[in-house]
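Two complexes follow with chain A in common, the first pairing it with chain B and the second with chain C.
Let's turn to the complex of A and B:
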């Protein structure tokens, strides 16, 4: 697996300091959001623990010895939440967040597409099968975070396209998809 | 004593009208007091001798200045109480006092009267010739009586007359108005206006009694004397400075003549032109032939100051790239003035007049509150552009590095950098080592993400 290719701005020292100029900061934050989303998509990361993430290469450029500050990252995540690209987890704490490089609705669509493609309509699939099963290998939602998956399935349930079947274990929870077609 | 007198008697209203309206009561007292004083001042020295250490104290000091021993009561009481009694409180008992009786009471028998000669006072008991300032005989301790003032002499006819006058006045209010009169009277009593009148009168007898020291006038005299002495000291201290001031203008003239000469020389020969120019800039910074002063220009002082300041700064501002911190201006301007220094306040006032006088510079307050003088054609955009240019050349800069390049103060440079940041032309890189400034490539950065997907 090749490494994530950071943009050249990643090597620009001021990029790691929250800019006092509002316009500059908006651009800077937007660039950071794009990098975070791309990075997470690349490595299929669904959840970021902020303090841990700050030590990873995403927010710490060892070659120029610059590291993003926690407050700056929090402000960036806040902006992402406003745009519906992230969510605090747990919601009352600002220590970690879901990164929606695909929004739950988009996940829902891709899952239902996958279901119909594989002829799984009207049959029961467990969450484990969706996230880690052989059938889902190669899809974007392979190794998806369970919480994110549940959110995506919730969308489908609300639409009336699926029904969740409770089980003792969350992974054994089943989903029945009603084919749209 | 005065207030005591006024408070004590319930018939005070009557005495008040009696005392003030004819104004004859006190007037005879004054001449008698003055006539009495020469006789007493002959006998009474202006000093008293401490019986413990023999230090000669001023009559006004209650304690010996040297050893702190209290002044003998005999002196103070005999002189002051008798005086006050006779002069101020005209009690009926005093009025009945005959002058002869009081004389006999205070002065000792004529046989023991001390003999005063030019050499000294010979003791009435042992005939030892004492120093004129002695109070007691040095040999036998006999009282020499040099202090005996019989204040009873001062009891005059005027006071006696006063006591004999009607003690009260009856006022009848036929058509009412007694209540309002009563109110007025009460307020007059509380205001005690008459005290203000009587006070200066009460001073006079005391000065008569002791013309040099004592009482309020004595204190005032002392203060005045002290001030005089201080002034003299100051005058002496600043005499040299005055001389320097006088020479200062000559010095400036000299500096200018040298400058002129240098200019001529450098135009004639190209040798050591650099040295000359540095020297002439020193002279430029130093010399100002006739600085504007408050004395010369009066009400238009600040305008004149502003004009001179503008003239002075026009060359300097150019050298400082169009902007100078006000404190720097203050230093340089005062250095140029040499001795006729101006206050920071005057400088500020003069600078704030630049715009109104249409001078080619402005007093400008930066975002942080720092005051600068900048050339009128000099604005933020120009500075920002220049700062950006420097940063482009060097890649990145700190405020200190830029200050070194710009030859300006760090405070000013950091202000300029902040301004440029706020314009979005540069961006900051904050590390533990400090803040570095970079050209703002963030704002226009485009990341082609499509290539990744």
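Let's turn to the complex of A and C:
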């Protein structure tokens, strides 16, 4: 796999420091958001642990020896949450967050399409099968985070297009998609 | 909630349990593969440092993992087969139910159509057709009987007129040309015209 191609702003040292001017900061944060989203999409990352992420190349540019501060990243994530592009996980702590380079509704649509394409309507599919099974290989939701997957399925359940059910041991989950496709 | 719950049948739960079991086997076989790979690495490293015993042990472990893997795969196939059989049986059941429903409806429709009714309708239709024919005969019969002869005469007259005009149209050519040939040839020349007509024109 080729490496992620960072935009040129990534090599601009002040980009890693929160700018005091409000307007500048807004632009800076938006740029960061787009980098985070495309980076996570590229590596299929669904959940960022903030302090861990700060040590990775995403927020630490070794070539110019600049890294983002935790508070700055938290402010960026807050902005993403406002835009529906992220969510704290767990909700009351600001240590890690889901990154929605696709929103749960969008995931729901892709899964629903995949179900129709593979004729899985009205049959039982396990969550493991959706996220790690051979049938989902090559789809964007292959290796999806379990919690994000559940959120996406929840969208379908609310629409009445699917129903989740628990296996006898209650740890494993399955889902039945109804015949809409 | 109650309405939604009803969409999940006990069969669904059984299938889910089977599939969960299958997933677990898959995870297990993934793990075994990893372990086997690691044992191989360990063996390689041990050989590099000259620890033959350790390498041998690692390889033995690897062999054992491979046997396990094979067993797991057989179980996986069994599970998949069972799940697919159940799913197929469910499909068959639905097909059967569909057929039964179709049959019922067909019966209902048949109940509405009795044979006597059909016979009655067919008879009525035949009567109506016969009546219609009678009307037609009556209407058309009057015209033909009275006028048929007249029409035929008119037709003949027109035909004769046409023939006469055709002959007249081609006739005037004949006396204009001095021909040593007999009238027989003239008539022949009309039938296959090409050559003789050209000759005539040349003359």
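To be clear about the criterion, the second predicted complex is superposed on the first by the 175 of 181 C-alpha atoms of A that agree within 3 Å, B and C clash if a C-alpha of one lies under 4 Å from a C-alpha of the other, contacts with A are read in each partner's own complex, and residues count from 1 in each chain.
Simple rule for what comes next: contacts are C-beta pairs under 8 Å (C-beta built on N, C-alpha and C of every residue); 3 or more make two chains touch, one makes a residue touch a chain.
Since the model is a prediction, treat every value here as computed from it, not as a measurement.
> Does chain B (first) or chain C (second) touch A:38, or do both, or does neither?
first
> Between chain B and chain C, pick out the one touching the greater number of residues of chain A.
For chain A, the partner with the higher number of touched residues is B.
> Per the contact definition in the header, classify A:124: touching chain B only (first), chain C only (second), both, or neither.
So A:124 only meets chain C here.
> Which partner does A:172 reach: the first (chain B), the second (chain C), both, or neither?
A:172: touches chain C, not chain B.
> With both complexes superposed on chain A, which partner does A:5 reach: first (chain B), second (chain C), both or neither?
After superposing on A, A:5 lies in contact with chain B but is clear of chain C.
> Determine, under the contact definition given at the top, whether A:16 touches first (chain B), second (chain C), both, or neither.
So A:16 only meets chain B here.
> Is A:24 contacted by the first partner chain B, the second partner chain C, both or neither?
First partner only, chain B.
> Flag every residue of chain C that touches chain A in the complex, lowest number first.
Of all residues in chain C, those touching chain A are 4, 7-8, 12-13, 15-17, 19-20, 22-23, 26-27, 87.
> Within the complex, which stretch of chain A touches chain B?
Residues 5, 7, 9, 12-17, 19-21, 23-24, 27-28, 31, 34-35, 38, 42, 66.
> Could you pull out which chain B residues touch chain A in their complex?
Going through chain B, the ones touching chain A are 396, 421-424, 427-431, 436, 438, 440-445, 447, 449, 452.
> Quick one: which bits of chain A touch chain C in the complex? Just the residue numbers, please.
So the residues of chain A touching chain C come out as 123-126, 128-129, 133, 160, 163, 165, 167-169, 172, 174, 176, 178.
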